[in-house]
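Letters are used for the chains, namely A, B and C, taken in the order the chains are written, and counting of residues starts over at 1 for each.
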Amino acid sequence: MEPVIELNKISKSFGAFKAVDELSLEVYKGNVFGFLGPNGAGKSTTMRMILSLIKPSSGSIKIFGKELTSHRNEIMRQIGCIIEKPDFYLYMSAEKNLQLFSKLSGVDVSKNKIQEIIELVGLKGREKDKVKTYSHGMKQRLGIAQTLIHNPELIILDEPTTGLDPQGIIDIREMILRLKNDMGKTIILSSHILSEIELVANRMVIINKGKQVAQGEVTELLSTQDLILSIEVEDGKIAIEKLNGYKKEKFSSLENNTLKFSLSKNEIPGLVNELNKTGIKIYGITYRRALEEYFLKLTHQYN
Amino acid sequence: MIRNFILFFLFTLCFSNYSVAQTSSQIINKVNTNFSKVNDYTADMSIHLDVSFIKMNDIAAKVFFKKPKKFKVKAEGIMLLPKQNPNNIQAMLSDTNTYSAIKTGTEIINGVNTTIITVIPNTDTADLILGKFWIDANKGLILKSHLTTRSNGNLEIEHFYGANFSYALPDKLIFTIETSKFKLPKALVVDLDSASTEDTGKPENKKGKITIVFSNYLVNKGVDDKVFK
Amino acid sequence: MIYRLLKVELYKIFSRPRSYIGFVAIAILVFIFQLALFVDGKTYLIFLIQQLETNFSISGNILNGYLITYVILQTLIVQMPLMVALVTGDLLSGEASAGTMRLLATKPISRANIITAKFIAGSFYTLLLVLWLGGLALGFGLWIFKTGDLMVLSTDHISIIPAAECLWRFFAACVVAFISLSVVTTFSLMLSAFSDNSIVPIVSTMAVIIIFTIIGTLDMPLFNNIKPLLFTTHMIVWQKLFQDPLSISTILKSIAIMLAYIVGFLSVTYYRFIKKDILS
């Protein structure tokens, strides 16, 4: 199957600074593709290149099997996007904004269709208000509406859940799944939260400092074969002594009386059993998948 | 004072020219007789201004006159006329009590022998200080006038006659006037190319010419008094 | 597609309050002028009349609608670049600073077409502004002060334009004024393509016009050589339409120079905007 998007070693430099560095990836039809990376990783920059907002310093982009540079308008007609913040003409109503942008996408949508979409994103009742009276979350919802209004094949969402309330986040998640499952749309979704991607994406790429760190099926990348187990005990040093070399090859670190092991899920019961036998007090046991652990380190949220 | 001096001067001239056939009053009477045949008239006027600081197309106007002193020029738009109108001069000349006239010489103008008559008003208040007329004594027509006025300085008029010469009504008058320098403050205008038209340095007084061509005379056909209102 | 885009651009211009500042300002100024001249017009003209009356007797309606219109145009067209730039300097940069350029530029419209639509919309706005000024001044002028020959005042002479010729001359003047304001339109549009906020292009446009105008009024040999090259020099060429004899060739030359500026500014705008990375 031909990929919907094919990036071939694209790079983008701002002066001497390389924001994206030889990134290659493929997105297939009907997939939700996750774009994961910490702040400043180059997610938005890559998306801007896909959307022809900025030109790659090198590399090539194919969308729907066609060169972006030579088939730009044709390709853009089939894309809906939110990039960075959802910005609109503040001096117009939401309805008018949707109408203008759909017009510019080359379709004349009916009032009913606009109404329908406004209802879908939960802005019903506010559609006549000027956008300048909207909260950030409302603008974000309007942003989603705007990506869908001209019924595109490919939807690009750059951090669509920032600023949304918990219900909003769930709504969007469900909407993405519906677009994928019921309508067969292809979606690219960026986030710096792994769990958000994991819940909806089937493939993903992790980038850091413009470079690809990992790419593949979500289930493979986040397999339970490769876990990081953290066990908080009364005294870490004594615990290690008393384990007496058990699973020594899997042991990775000791910090604040927390032992860390890299192992697969089915090795956990044995280890816990062994610890129990030593009589050391265990306060807590948690595990993370290796990639998750790695990503948390990247985003410095973990410590 | 000046007037007395001029009078004296003219009297001396007068005596020196005593041999000439007609007296000044005879000549003026001839002029007045011509003009007195006119009870009223109307004519079309075309005014052409040749004044350095005015750029204007020829003005079409209509002139109305009725004895003794009703006079009116009507135009559609803006009209600039010389301050002295020739009818006023005629009217003044016909009131012979108000001035003294002295012959002061002869001259040939356009091949016509003319007698020069100098006129001085008898009052100090008149605008005219001194009038000098070159008169064709045979026909009783003024061919040239030179007026010195209080308000306007010097003014020269050339008179040209055609079909209506017997009424002393000219076909064409050419006024030569002295114009003072025209200058508006910058505040009133935005100038386009002030650099190119700037020709300061010269003294102020310049000559301007105004040519008035008369046509379609209707003489003594009656003029409604309303037009003079 | 360009037609759609143009409609959208016009809609955007005319749904913003700032676009009406110019119209309101012009209406107020025209009203004030008419009122002032109605009350005090004779005083305004006294200086002129006095000078003329030394040599002539003047008759006719000097303070007429055409003169009022001329005086108003003369005074206000100089202020129009600000009103124009307020809108046109914002056309590209405003979208950049509002963030809507990100959306606009991902639509299936070429960047060139975005410029074209904005240029046409901006020009249309400028044209409306000029016609508004001309129409208000002339309409109220003729209504209140009636018609008459137009006495055009310069520092050292006056020209008198017959009333019958005034209408077409004012119309031509509006066209020429529109062309000169289009230089401002394209200039500010060009600056707008280089900036991500709208203050810079608007203020810069005004600064350039002020600087050029000052250079234009300085009578120094150094500047005299570059004066014909400054576009501000040609922006008052509409007044030449009220000078007799009409020097068509000077007018056409100025128009040609202004058109060259327009083409030049537009080319830079296209070049810049098509190549630009949209980072806003």
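Definition applied: contacts are C-beta pairs under 8 Å (C-beta built on N, C-alpha and C of every residue); 3 or more make two chains touch, one makes a residue touch a chain.
All values reported here derive from a predicted model rather than from experimental measurement.
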Chain at maximum distance from chain C, centres defined as averaged CA atoms: A
Chain at the geometric heart of the assembly (C-alpha centres): C
Chain centre separation (chain A, chain C; CA means) in Å: 52
Inter-centroid spacing, chain B versus chain A (mean Cα positions, whole Å): 100
Chain B and chain C: spacing of chain centres that average the CA atoms, whole Å: 48
Set of chain A residues in contact with two or more other chains: none
Interface residues, chain C side, partner chain A - complex: 1, 4-5, 7-8, 11-12, 15-17, 98-100, 102-110, 275, 277-279
Touching residues on chain A, where the partner in the complex is chain C: 48, 51-55, 72-77, 79, 81, 83-85, 87-92, 96, 100-101, 103-106, 146
Residue numbers on chain B that touch chain C, as the complex places them: 51-57, 73, 75-83, 151-152, 177-180, 182-186, 188-192, 194-195, 197-198, 208
Partner chain B, residues of chain C touching it in the complex: 44, 47-48, 51-52, 54-62, 74-75, 78, 148-149, 151, 153-160, 162-163, 219, 224, 236-237, 239-240, 243-244
